[in-house]
Every structure is written in C-alpha cells, then in structure tokens.
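Lettered A, B, C and D in written order, each chain numbered from 1.
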Amino acid sequence: MSGNTFGKLFQITTWGESHGPAVGVVVDGCPPGIEMNEAIIQKMLDRRRPGKATTSTSRKETDQAKILSGVFEGRTTGTPILIFVENQDARSGAYQSIADVFRPGHGDFTYQANYGIRDWRGGGRASARETVGRVAAGAVAAQVLKQENITIIAHTLALGGVRAETFDPMAIHENLFLCADPIAAEKMAVEVDRVKRAGDSLGGIVEIRVKNAPVGLGEPVFDKLDADFAKALMSIGAVKGVEIGAGFAAAGMRGSENNDPISPDGFLTNNAGGILAGISNGDEIIVRAAVKPIPSIRIEQQTIKTDHTPTKISIEGRHDIAAIPRINVVCEAMVGLVIVDHLLRQRAISVMIPVP
Amino acid sequence: MSGNTFGKLFQITTWGESHGPAVGVVVDGCPPGIEMNEAIIQKMLDRRRPGKATTSTSRKETDQAKILSGVFEGRTTGTPILIFVENQDARSGAYQSIADVFRPGHGDFTYQANYGIRDWRGGGRASARETVGRVAAGAVAAQVLKQENITIIAHTLALGGVRAETFDPMAIHENLFLCADPIAAEKMAVEVDRVKRAGDSLGGIVEIRVKNAPVGLGEPVFDKLDADFAKALMSIGAVKGVEIGAGFAAAGMRGSENNDPISPDGFLTNNAGGILAGISNGDEIIVRAAVKPIPSIRIEQQTIKTDHTPTKISIEGRHDIAAIPRINVVCEAMVGLVIVDHLLRQRAISVMIPVP
Amino acid sequence: MSGNTFGKLFQITTWGESHGPAVGVVVDGCPPGIEMNEAIIQKMLDRRRPGKATTSTSRKETDQAKILSGVFEGRTTGTPILIFVENQDARSGAYQSIADVFRPGHGDFTYQANYGIRDWRGGGRASARETVGRVAAGAVAAQVLKQENITIIAHTLALGGVRAETFDPMAIHENLFLCADPIAAEKMAVEVDRVKRAGDSLGGIVEIRVKNAPVGLGEPVFDKLDADFAKALMSIGAVKGVEIGAGFAAAGMRGSENNDPISPDGFLTNNAGGILAGISNGDEIIVRAAVKPIPSIRIEQQTIKTDHTPTKISIEGRHDIAAIPRINVVCEAMVGLVIVDHLLRQRAISVMIPVP
Amino acid sequence: MSGNTFGKLFQITTWGESHGPAVGVVVDGCPPGIEMNEAIIQKMLDRRRPGKATTSTSRKETDQAKILSGVFEGRTTGTPILIFVENQDARSGAYQSIADVFRPGHGDFTYQANYGIRDWRGGGRASARETVGRVAAGAVAAQVLKQENITIIAHTLALGGVRAETFDPMAIHENLFLCADPIAAEKMAVEVDRVKRAGDSLGGIVEIRVKNAPVGLGEPVFDKLDADFAKALMSIGAVKGVEIGAGFAAAGMRGSENNDPISPDGFLTNNAGGILAGISNGDEIIVRAAVKPIPSIRIEQQTIKTDHTPTKISIEGRHDIAAIPRINVVCEAMVGLVIVDHLLRQRAISVMIPVP
C-alpha cells in the first residue's frame, strides 16, 4: 500500500536506502522447487554494476548478494526469499553539503514536502540504489522464466540522440552501451565523451523484447499485460515514457496499417508488440522506455535550500553520465517480474477450466 | 486480482459486457458526506457519448446511469456505490457474422485462447463499452476533486497526423475534436473526412493536464504517481504509449536542459510534468496517451476463423473512425481516479505525522 | 480496502443497503467455463429466506437473483459476474421512528460516529440483508466446489442454550432449525417459542463441516486456512467467536490428548479440525461460529438519541428471534468462498513446481 | 498473496526459517517522524524470549534486533523498515532425526504435501520462531499507539485447566505466567510442574484488552475490526479459537442480556467487547485466543515417516511446555498491528469528510 511492493502472485517488496546499512528485497510467491543460490542472484546483479561503460560512476558497488531465507538445499521452498546486499563504499560525508539543498531533477523537494523528513544521504530511498532489490528479485523471476523457456533482452535503442538503425542481438554485449547496432554504439561513445567533458548528462531509450511468452498472459481491463509493463517501467526513477509495439507511432497510423493481419501461421506484422486487448498473443513482446538524463550534473544549476532561499548547485563527485546502460538490466528485471506474475495468475485460472 | 479492480483506497471494479444486460461499476472507498446524485454521474457520462464529432459511431448509447447503493439523501455514506447502466440498442444479431472470426486488432483471438470461451457480441468484455463504468466512477472521483479544488482537462494533441501547435483551453470545447488549437481542429476534420470515405480509421494523442494538485501525491518506488498514471492510461484498450512531462523527448535531452531549475517561487520549467521521484511537486501535471487507430475498418483485412482457417474480413456497421474524442473523458476519468486514490493515501499518513 | 471485498483470487465485493433500491455482489476471479445461471443462484438464495422456522421474520424477501454480466450461453466467461437482487417489501417508513435513536446491539452508534452520516433505514449497510450478496457469491463458489467434489454442510450445534448431542446429517433438513439432532431440535422449538412470547431473542452455535477438501489448502503464516475462516465468519454481523476443531476445548487439553496421531491410513483423531499449521491435511474440516442473539427485541431497552439524550426503545415489527437458522447458509457460503479462493491459490503455485 | 503479509495500510511481511541464517520483518506504511531505534524493538522482543517461566524452552534466543532501513536520525522516514534478527544457537543437527518423520500436531505433513519440499530443521517456516518478526513489527506499531495514547495488555486467562477468577492488571507481571489472578498463577505453576514431569504439554487462553481505542476503527462488512482480530490471532500457529467480548457465551444468552444498554455517559455493559457492527465503540476492546498445547512432547506418539510407513516418535530436547506465556506478547503485537492499520484507514477517510 505504501508503494514498496510490486506484483500480485509473484510479489516483491524492496527496502533500503542508498547510504543505510543495506538494501534488498523480499520475494514472496516464488513457486517451490526452483533451483536457487547466491551465485544466480549475483550473476544478474553484476550486470547492474558500474562497468567499463564511460557513462558509469566510479563508485565501487561490489554488491554481494546474500540469501537469508526461503531456500533450502539449493531450491526454493515456497516461503519468502530475503535477499540482502550490504552498502559498501558509502561515503555519506560526501553528501553532507547537500543536506539542506534540493537538487533539481531529484526527489529531495518532494520527499521533504511529503514526509517532513528524508534521508538525504545519496538520495536515500529515492536513489537508484533501490534497484538492487529489483534486479535481485528479477534474478529469481528469471529462474522461473528459464523453466518456461521464456527469454528477455534489453538493449539500448537510443542514447544522447543517437538511435540504433539495425538490430543484431549478438552485438548487444559486444559494446559498452548494450546497443544492438555496432555503428550506433560508436557514435554513442563519441557523444557520451563530449557530454562528459561538458559536465552534463544524457538520456536515451531502452527496448525490451520477450521471446516465447505463451498466449494468454494478462488480465482484462485494468491488469492488462501492457498496463502492468507501463507501471513496472514507469516506476523506475529515470523513466518518463513507456510504449508498446508501434507505441506513439501508432497515433499517426491508419487502422489498415496498424492492424496486424492474422494467418493460420500467426500474425503477419507486430505493431501490437505482442499484446492484444491486454493479453499476450504469442508474438514477440516489445516494450520501450524513455530514460531521462541523469539529473546530477557538474554544470551549475539554480535551486533552493530547504529553507526556500535561492542557491546554486554544481554536483561534483561520482555520478553516471547516463542511466543507460546500467538501467537496462533493471528494465529487464521489471519486465520479467510482470511476466512471472501473470504466468502464475494465468495458471491459477486455467487449471480450473473444466474439460468439456 | 482478476484485473477488473483499480485503485487501492479509492477502488473501482467495473463489470459488464458490450451486449449483456448492463454495464457498470462499484466504487468503494469514497469518503462519506460528498454530494452525489444521478445527474452528476450522467453529466460526465454524456461526454463519453457519440456526439456530433464525425469520428463517432452512430450507435445510440443513451446510457442512463442509476445509483443503486452508497448514497443517502443526496450524499455518499462511505459504503460502496453501485452504478448501473442498461445496455440499449444492443443489436447483437449484427455480430453473429463474426462469432467465428478473429477480428485483427481486437481481443477476439487472445480472449478465446485464454478463456476457451468468449462473449463475441461486440467484443464482450473487451469492448470500449466497459469504459462506461470508468467514466461513471470518474464522476464520483470528480466530486472529491472539486472539493479539493483540483481540475483536470483532457484535450486532443494530435489526430490523424495533425498535431496541435497552440494551446487555448477555451478552444477545447468549441470544436468537435476537443482540440485546443482551432486551426489544427480544422485540419483534423479534413483528415477524418478523407479517412472515413476510405473505410479506414485514425489514431492520435490525448494530453491530460491537472491543475492545483497538492505537493506530495504518490508513493515512493512502485506506486509513483507517474507509474500509476501509466498503468491507468495503458489499461484503456486503445492506448499504446504513455509519457509524463517531456516524456520521450527527454530521452534526447541533456541533463542541463531537462532538469527544472527551482526558485523560491517554484519550478522555472516543467519538463518533469509536475512529478519528481514519483511524487507531485505542486506544478501542473502533464500526461500524454498515444491512441491507436480503431481496429474495426471497412477495408478488407486478412485473418483467420476460430478453427484457424484463413478468411477475409471487412467490418461494416456502426464504428467510430477514431477513439478520439470519445476517449478523452475516459483518460480524464482515469487520471482523476489515480489522483483521488493518492489523495486518500497521502492523508492516511500525513495526519499521523507527530507535531514536533 | 474499504472492507467490502473478500478473497484474493476468487474475490467478491458486496454492495447495497437494506432499504435502498437493490443489494448484490460482484464476483471476480471465477474460472471460465463453469455452468452458471440464475436458477443456480436462486436455489442457494432461497435457503437464506425466512422459512417456516419460528425464529424467522415474516418480512417477505422474495429475492429474485438476476445475473447482469460474466455469463454467456450458460457458462462463466472469466469476467466479473454481477448479481443483482431488488429490494422489495422495503417499508422504510417503519424505520422513521428510529432515525434519531441508536438501537442497542446494532451498528447505528458506530456508523454515525465513523461516517457522520448513515442510512438508518433498517440498518442500511449494516443490515443482515447485506448477506444476500454473500450467499449469491457462495452459490457461484459452490459450482466450483461441485466440480472438485467438495461438499459443505452447516448445521445448528446449539440454540437458546440447547445443544445437539448427536450428529445425523440426514436429520438436518428434517427440522426447522437445521439441527442434526432431532431431539435437540424439539427442545429448541420449545425454547424459541418461550422467548418469542417474552419479546426476547436467542443466540446459538453453527458448525460447518467440509468433506473432500484436498490436502494443501492454505498459505503459511498469515493466510492460514483457519485464519481465513476466522475472518470470513467473524465478518458476519452476529458472529462473536470462531473455533477450529477442538477449538476452545483444546485450551484445556494436554498435548498427548490434543495431538492427532498419524497412521499410514491417515489421522486417527481430528482435534485439528482438518488443518495443520494453517494448511488442510485432507481430513474433514470443522469450524464453529458463535452467534449472538438478535439485538432487535420487543423488551424495552435503555439507549440514547443521536443528540445523546437518554431514551427507551422497544423494537416492534418483523424481526427474527434468532439469526439461526437463516445464518447457516451464510456461514456455508463464507466457508465455500475461502476454500475456492485457496484452491485457486494452490493451483497457481502447484502447476509451476518443476517435475524432478 | 502468499500469506506472508499482513495489514493493508500498515503492512508487515515476515520472512525467515527457524534454522536459516536469520528471521525478520519488513514494516511498510509506518508514518514518518515516529521515534524509532533498536532499543525500542529489543524491549518488546525481549518479552518474547524464554524467561524464567517453567513453561519455557531452555533454547537461548538472544535475538538481537537490527534495523537496516527506514529510520534516519532516530525517526521513521515513511519508507520500509527492515528488522533483522540473526538465528543463533541453531543446532540443526538436533533435528536430523526428524528429517524423514512427520511430527503429530506440526505442519511437517502439510508443508511436505503442499510444497513437495520443506526445511525440516526445527519446523522451518512453520516454527514459532517466525513470530520474532511479528513482535518486532508490533514494537513499531506500539510506537504509533503510544502517540495515540492507546494501550494493550495481554494476560493469561487460563492455563492447563486453571482459570483466572480475578483481574488485577498490576499482578500480571508479578508472576511467571502473566496471569492477572495471583492465586490462579500459583495453581498454574503446580499444574505446569506436574505435566512437565509427565513429558506432556498444556494449552490455555490469552485475553487481550485494549484501552483508549477511539470510536470508529473498523470497516463495514468484511474488514470489521473483530474479523481482522480473528484473522490476526488465528494466524498464530497455536491458536485454535478466537472470541470477542462475551464470545461463545453470547451464544447462550438472550438479547435482553447480551445487548449493551447505552447511556449519555457510554455503554452500561460490554458484552460487545468494544465492537459494534465491526466498528470500535469507544469501550474497552476485549479479545480472547484459545491456545492449543505444544505438540512437541516427550510422551511417545504414533506417526508416519515421509515414505508413509508407520513409526513412533518421542520428542526430546528443548521445548516449551506451553506456548503461554511467550505467546502473550505475540497476541499483543497482532492486536496492535490491526489497530494501527485501522487507525490509518480511518484517517484516510475521515480527513476527507466535508465540513458542513
């Protein structure tokens, strides 16, 4: 109810602040008997870490996942899985200077207004560090997806105004920006470098594709599969837009263009992005998230203090230039969580259907 | 859990099929003592009706709302409000011909696959007629918003490739397309007319603006105000994309452009669309929804029958050319529902904050 | 969230006031393909009607159930089922005299205090008439149970201080009090007659037994099967106590008496009432509900008016002498709803368990 | 959804197994600004520890609570509070002998049947050790209650067949059994001693009383305050019955006895146990829970192995003779959690009531 829980049958609750003792997640509703251990969590968590990508912070986030419950002899037991990641290298002193300033583009102002108190160290609860819990939960979901042979990939469709023109899935992990177009990736590198020197930051677009999702995921009306993707992705701090299939482009199409003709072998086009009337149609699911530029920039900005007097702020220190590519695995995790939740929901109903 | 319920504290459950006896909604969690009567519901419901706009169906939907519970002597009592609208002019015979065909762009295929049974008359539960319940509930929410002096307007930002260039709120109700730019509205009329003659249909973009929302609406992490807007709007059948403030454009901006500087008098720009870290910042809230073209078109399309043999379909009969402008009041209703829900959630917590 | 919804996967929302236009329920989450029609609902609803039992009111509640959604060609479609029962014979004028008096034992005082407004006609929302919706939903649940071969019976264990000493299931429907002990039933009749003449009322105990429930219903910790029964039954207005198996008697037992020994053929005793650690163990499930006397009595009682001045009240008119036996089918319905909800929840998880 | 979460606005999720690395709880929805630190949690947790009471195990549960999130500079921030308690003295080896045996009265059989896997060490998730998380959460709730001046006491009404005849709140903490009747407490000691020597165990009744609860807690229909108490208490492993006010005794009363007359100064009796139509009436709230005897006994019992062959079991080792008095603070915590949840729910609505 307080917004820290996501999912209905496969339900996660993240907890923790950027510079508190730890961050993590409780995963509740994972079916029993699934193979699970800390290495599985760690592997997905490592993809969220600042890598060599020049967009990334140099903060050392070693992020060692520990499983404290819900797993016995290498398998899930059906009870809640608590995953715990200690906060290390948390130099909260570095944030002392912003304790009484509202950083533009951050939640400092709204948290203070809403709660009358906030943990200002590194953004506290509003920090992107909260996504550690999401990715750890996503790793649990991924084990269920694996069993169902469903695969999810997230790639960088655009960064700093450079848009991928081609899609080669093999290329994604061969460049620092997780871009499926190697040539675009090179242009992104140039742009990132330019902006980094300027003390500024960049936005972009992440596209998430799901293969092998069965027909029938999603509930009518409010819990449409696309509605849940929209909420899942928009709940990531930096995301300002979500679209499915043709998305905003569909607004400019005619019905005869946008409708996907159906043949006995399946749909002939995929403007629907694999979802019809909120329910997966068996086609590839395609979702995109618009990611705003990182708000912490070295360039001086106008703002106010907590006492509402005006001031200027220039944010030095270790910050990413773009949420991409680190945010990609977070998007992938969120999409995975939605799919596993709907898998369980579909099963609950489908097994009850009387055989005629 | 089955996707027919929306909201947490102010909670609605819609029910009903397009050609069943009735459609409607249960509104649960409405505070007591709010002025309520059938005329209030009717007024908002009438805005959803096919009007003179040339995009609209000629189906006669008189839609008389009846309140069956939760209101006593003209005021809400805090108990569930059941709103009931009889289905009239429901010529289900007209649909007999599509009983065994999956219409492209509709939910026929996915509903059949998921449930093994579907009410094929007019789309059944997947019909846009389900939004009658949403708008009726939105009318209840609007009474709460009125008391808080919060106003919401939905206008047509784009239709059939024509985009509004200016924003004059007074113009919205002076044209058939609810467009705030009178010149664009004229171009839209031309385009609609052309497409109608071609037996095709059109998409567009609806923008929803909220004035006077207090600071502090929205919960951290998953129930961010923008995440709930995304889900609310994406749950409308025709919507394929949602964005907040600068939205997808933010993906191409630099941080120094996108960040909204703060002054003692408030935010100097509004790329955030009135929401920071998922919590309203007191600025105008701006949300946009991409609406796909109506899938029911006269132009012949390729599809399959329920027995998976190929066929062609040309959908004659009474259908809208575009979901816009009838969908606008649905968008407005959904945004209103989200805001009232978060108003109640904020109050639950804020009144407990100890006075220092 | 406002307390009018029950269940998680099989979810019902009741609505309506005693003397408003109608009462009813939305059933959401019913699996598709289940046989359903108004006669099925009506049959269970008729068991809730005032019968020949001398405990019953003479109010004519014909209670014709209408299904307004969710059913197509005699089968459920998986979409919400709206059941609607018009209020007839609603002589609200008879209640005018109590509009400004708080009746002892009723919710008049607490509703007024909590909401600042109440529909005082016949208790409004707090009336036992709300249970029409529960029983109608129970009839839907019963169709699912039938398919699983699970049966539920509710019988009168005690009434007016008379306790059944024997249990003959065949006897239950052969007396007016639904008592499985024919001799006790005769004594109950005598007691009811005596109390009726005195203008007073009676309480009793209802026992609900479930046969053929599979092993494995119930979730650990908070959603234990017995915890959900406790909530389900205690949510009935007249119920003041709930116990499972040996119940309160277990408090006086030793472990060696209370533990049910296990043999290869099953449990040798059933003090557990069919539930171990909150999960059904395959044995018969036994739950009991303590029902308080009807608070509306002819005997004069001391009370206050809405302006808090003292007054006396003697409630004339058509009232039951005891909630039993009409409440029995309500108890049966609530137990059925809990079981179907947990059946669906168990299925959601069990189908995902990987085959070793 | 998987049963590890309790509450709607003030929501807790417990996690952890008896002999896993740790147990604990996430408390979500706690209002911001409440004084909070580890000593506050510890103080309540210490009351759950095996004390000097001769009913208690000699297992050393030092149970040091650590707060890992949601608290900043000694106050809650409105974000989730993760409380973590390491499992120490967890001699899982001692349980190796029961890995393949179902202990009578325990959840071994049902967990195995439901999940196909179970952490058999000390009962795993079904262990009473799970209540560490409940009590820790109860300590957070208690801080909110303190601010509202609401007090809760739990006392032992009966143990081993000995029932308290008097109620002296000052006496409760002056005997080992938390009994408000010092003479009964002495008799309890005798009975406990006798049963302990016999290798058997005892049940009893805990009564929980709430003072100063405001009028208006509880929602109509399903989320009645008493329904939520019933669920809260019945969700404790050892509890087999719950009653409110007169409870099961009300079943034998007449209406004229059971109704509480109302005077301008309040209710003249309290058979209702402070709750009318599911909503608190301002009177003292009285709830009772029937506690079954501890199932782990030294006396030999008949049972089966996991392969369903018959065997005998005699449970040696460190086990409580009765859940009382350690369970009392768990009952107190659960009642406190329900009250805080309803306090927040009431506030959410009441602040919206328009001023006439």
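Criterion: a contact is a pair of C-beta atoms (placed from the backbone, for glycine too) under 8 Å apart; a residue touches a chain by one contact, two chains touch by 3 or more.
Keep in mind that what you see is a predicted model, and the values were worked out from it rather than measured.
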Message: Can you check which chain pair, A-D or A-B, has more C-beta pairs in contact?
response: A-B
- request: Compare the two sides of the chain B and chain C interface and say whether they are made mostly of the same residue numbers, over half shared, or of different ones.
  value: same
- prompt: Just curious, how far off is chain B from chain A if you go by their C-alpha centres, in Å?
  reply: 26
Query: What is the distance, in whole Å, between the centres of chain A and chain D, each centre taken as the mean of its C-alpha atoms?
result: 38
Query: So which stretches of chain D touch two or more other chains?
result: 1-2, 4-5, 8-9, 14, 29, 32-33, 78-79, 114-116, 125, 220, 345, 349, 353
- line: Note: in the complex, chain C contacts chain A through residues 1, 9, 29, 31-34, 78-79, 144, 147, 220, 343-345, 347-349, 351-354, 356
- prompt: Considering the complex alone, what residue numbers of chain A touch chain B?
  reply: 1-6, 8, 14, 102, 104-107, 109-111, 113-116, 125-126, 130, 158, 160-161, 195, 198, 200-205, 215-216, 218-224, 226-235, 237, 240-248, 250-264, 268, 271-273, 276-282, 290-297, 299, 301-304, 308-310, 345-346, 349-350, 353
- prompt: Can you list the residues on chain B that touch chain C in the complex?
  reply: 1-2, 4-5, 8-9, 11, 13-17, 20-24, 26, 28-29, 32-33, 66, 68-70, 72, 75-82, 84, 114-119, 124-125
